[in-house]
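One chain, chain A, links the two complexes that follow: it is found with chain B in the first and with chain C in the second.
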Partner chain A sequence: MSAGAAKIPVTVAEVTPVNELVTRFKFVRRDGGPMPTFSGGAHTVVEMNDRDRVRRNPYSIMSDPGDRGAYSISIRRDDNGRGGSLFMHRQVRPGMEMVISNPVNLFALDLRARKHLLLAGGIGITPFLAQIKQLSAMNGNFELHYSVRSASLASYADELVANHRSRVHLYHDERGEQIDLPALLDGQPLGTHVYVCGPKGMIAWVRNTATALGWPREAVHHEEFLAPASGKPFEVMLARSNKLIRVGEHQSLLEAIEAAGVEAPYLCRGGACGQCETDVLEHEGTFLHKDHWLTPTQCASGTKIMPCVSRFEGRTLVLDR
Partner chain B sequence: MTVIFKEETFHDDFTFRNSPEAVKRFPFPFPEDSYMYSVNLEPHKSYRPGSVYERTFDVDEHYVSEMRDRARVLAEDPLRCQSLPHMTLAGWDLLELIMTSKAEEYPELFELHRDGAKWHWINRPLGIEQKFTFLDETTLPYGPMEYITRQTQGDFAVLDQRDENLWMDAGMVTTQADWSLDFDIGMNFFEWHAPVPKAHEMGIFQRALKFLLNVQQGSPARRLNWTMTVNPLLDTSPENYHKWGVMKKDLTLENMGQMMHLRVELQTFFRLPRSNALVFPIRCYLIKLDELVTVPKWARRFHRVIRDLPAELATYKGFVTNRPKIVEWLSKYDDGAPTSPGIWAD
Partner chain C sequence: MSCGESQPKRSRGSKSVLEGSIPSRPVYGVLEIRPGRLHLMVADAEGAEAILDLAASAPADFFAAAHIIYLPKKSGDRFVARLQQLVPAQLYVGPSYDAALPRLRRVLAGAHMGLQVYLAGTEGLMGQAMLEVTQAGVPHSAIQTEHRGSTVRRVQCVHCKGITEEVTHDPFQCAHCGLHLFVRDHYSRRIAAFQGVRVDAEDPGNIPESVERFR
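And then the complex of A and B:
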């Protein structure tokens, strides 16, 4: 099958500043037709033509799954990142034509749950915005605990409180407020599922606390898209394509493969979905595995790499691609 | 395309027949002269006008009679259709997928009018007209999955996706090759495939599961599977084995061409958008050996495939006892000439 999910040509309908770091983008189909139906937790991969390179970043769709008129995403500006969020904030204007992927859901609600406990940190609120709309439409039982740095950076908090006052709990870092996680998890009715999206530390804290309290692994869901890390440039031989490529300091291995005109599969581009898994034929050096996909044994074996987020340091790397 | 729907039965007097046009479009499953399992998945895209691959859900001359047979089987055994409570949303997804694709691809047979959540569905071949509210179960005579699959050929396994596995949590299964929804409901992918010989050690299921977990919305996939059935029975369920199993004993060289059928499943896979579930429609096509051998390429190749099939597979597919007779009958149609690659008639 071809790389990525099927694509949708769109026009940027609105660009709306939410606060000093976050901007919302609204996409409509260029042909005027409805967007594909999606489910809460789904993401879309946005293609950015940034001068001589194509960037592709995944963003959670935050709009109402019941509304097929448009997709909205919210992007937090990362001044020290690789440039995708800066491109979106600085270059993208209403009326611009872009290409996004069909929705892919790696963070779906477990519809067996008697109750959905949603834990968000910062921009991690975006998948929950769509899930809450979906749950509201089906009278689902949910509770949101949303941790923000400050009131001014609390994206969509006012709207959430206004619509779901009794179900939404806010925590402000600047006021020293923190979710009392052990008490919260301990008090949940049987059949509750917990979902966490936010910074790496928060995800680990929730997963570890839940495990320590005896929560079944199947009832704890998380999503984190990793940005590909920068690092020392390295060279890679693509055996099947018979091409020698160079991966730049701020480029991912997947991006370098694509830039060489070699088609490689991907879905999330964030180390979570497993789609880009590639066989290593030869290597002399050290892998810098960054993904959530490979098992520690696979990482240690030196036979697999996830080119969307992982890197390599050494003399020789030959991939089956 | 105008389809002329046939009056026929798949039980008792077995009046099922394929017209010459239906034989021509039969999905013969063997691209070469031998067969071994393969995942053989490809994108489910429109292909070859007139073929079973042209439309999202193929509607052919057997439609009306097949739906009547489904209603008969369900009346005898309502457990052929089940849906665990969390799968209702997936049922709506499936209803939407089937109604929108049939209305678009067969406008002379089906119509769908949507005004927000107020939907109006017209199914001309079955004489059904229904106004209902999308996502409101009380406005339909059955649950959404049962309602639409009583009007769609083929079985439907509706699979929940969680914990990196697929779970058979809903389905409509009345035309199956000897398996049962009532036995399998609630099982995961590895559990319901447990009886298949050889495939586990070949790692086929791990690869297939990985592929299926990644089936994307808007990019459905398909594959063919096959077996053999004595008499044109759609319902070869384990629940009714006592009724159809004995028919295998009646097979002779004289009645072979009329009684023995190649049974081909066109299996498709779609990601459902609201529930994130995966639906696995399994459409069953039957062809009598007398009909099959009207295509010389298929006759030659089928003889070679059946003759050389590993014994475990002939056993699993349920015809190992009859195999010598089948091979003897088919050998008359194999002149030893080479066959062309691919599944289509020359």
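And then the complex of A and C:
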């Protein structure tokens, strides 16, 4: 059963604490074979068997795209999240068998760019670690601006500075340092592409500043996986499968569909890829659209929902699934 | 009707409606003001009117950051004085695209992100300038275009690869190898030209009467 990308049975090879909040996990194939090729910016969906439920969370692959021996990801612990990162931090040990998905890239480098300007905030550094390895291997022109809370939480900053001193710029919130974004964007040569991965506010800031300065939309790339929001439980009728299901407070609609044994497509599970788009056949109530896939018109039409992140409040919801 | 037969309809002023056909055939829009640190405008003949129309909605200091490259061609000095009145940072008036090319390349070489590009006039001019600008690193979908004036086409002979400028008739005779070519709507962005294919390939000498399709 696979409604996302093809799956890879893996063994956890290493679990390495990076700092107080971040832990790195390394996966190798159980059959000893090579991992599928991927390009910098790709993510994998990690399946977690957490007691009676299966969690599936997307994480950027941070290892070298040139190395097919293993995949590494880094996960920041979120004590207030729904539990995926806590499961990884507390339960996962070397030697454990897990299942991850084939890589999917929604944040690829545009290789036509003359220069790649990478802007990272916090754990948003992970896709760039793979991209930087890819860019270094092809002698690409890049510059990283990395904003961290404090020196002790600056994951991989030492390694980046040691390997690419002239291309890496660090900003510590703690010292009141901030990227001078208008000045940085303003001086870039024609053909530069900017990539941003970090908190919501940072992404919006970069996109808006670039637009105001006349950057073409095609030259501004961002990645943000939304965590499914919690909310009031609600009931959903799955018309094609003829099942009435209940979506729990801390469960996503997609998770509830999967728990009922119904296959539903997905790739990012974070409201970004469009893969899980589902037709609404009937509804009486209000949609809580959380994705950044549907257009405002589609949201207003009441005919579509992205079950990986969006919810519903009301009496009836019938989906074509 | 075959896919090649799209007769342009005349409408007001220098605007003509180009009918859409196959997907590779470029479509053009209407220039609009966008934020930018430098506004590069390349226009020929009646393309000047698109710039003048744009100026009507431009903020006061807009043209202080504008560089206009203008090729009057048959319209002579009809629009030049009005372009001057916009007081652009630079206005170049030149005899041909080839003459203007070194300047265009120099502007692009020194340009930064935030450059806005506006192309107006004939398809041949816009196509060639688009090629130059995309090669400098601007995504083609970020370049604004507006068709004005003549609908003559720049056509590449698929047999000898020679390019004939300002084609008005269909079929026409290739300026390089002399074959009679049917003007296809198939457009190549890589060479900024439509494709011309031998019209009597299967029945040599059987050449349909040539009609004026582009003026």
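Quick notes on this structure:
We adopt the following convention: the second predicted complex is superposed on the first by the 319 of 321 C-alpha atoms of A that agree within 3 Å, B and C clash if a C-alpha of one lies under 4 Å from a C-alpha of the other, contacts with A are read in each partner's own complex, and residues count from 1 in each chain.
The working rule: a residue touches a chain if its C-beta (ideal position, glycine included) is under 8 Å from a C-beta of that chain, and two chains touch if they have at least 3 such contacts.
Predicted, not measured: the structure shown is a model, and the values here were computed from it.
Touched residues of chain A were counted for both chain B and chain C, and B has more of them. Residue contacts after overlaying the shared chain place A:P65 against chain B, while chain C stays out of touching range.
Looking at the shared chain after the overlay, A:T11 reaches neither chain B nor chain C. In the superposed pair of complexes, A:S241 makes contact with neither chain B nor chain C. In the overlay built on the shared chain, the residue A:S39 is in contact with chain B alone; chain C does not reach it. In the superposition on chain A, A:L213 makes contact with chain C only, while chain B stays out of contact range. When both complexes are overlaid on chain A, the residue A:L111 reaches chain B alone and has no touch with chain C.
After overlaying the two complexes on the shared chain, residue contacts for A:L267 are found with chain B alone; chain C is out of touch. When the shared chain is aligned, chain B comes close enough to touch A:M138, but chain C does not. On chain A, the surface touched by chain B in one complex and the surface touched by chain C in the other have residues 112, 217-218 in common. Partner chain A is touched in their complex by these residues of chain C: 34-37, 108, 111-116, 136-139, 141-142. Residue ranges of chain A in contact with chain C, taken from their complex: 112-114, 185-192, 211-219. Residues 43, 85-87, 89, 93, 96, 135, 160-163, 210, 214, 216-219, 221, 273-276 of chain B are the ones touching chain A in the complex. Residue ranges of chain A in contact with chain B, taken from their complex: 1, 5-6, 36-39, 41-42, 65, 102-105, 108, 110-112, 134, 137-138, 217-218, 267, 273-275.
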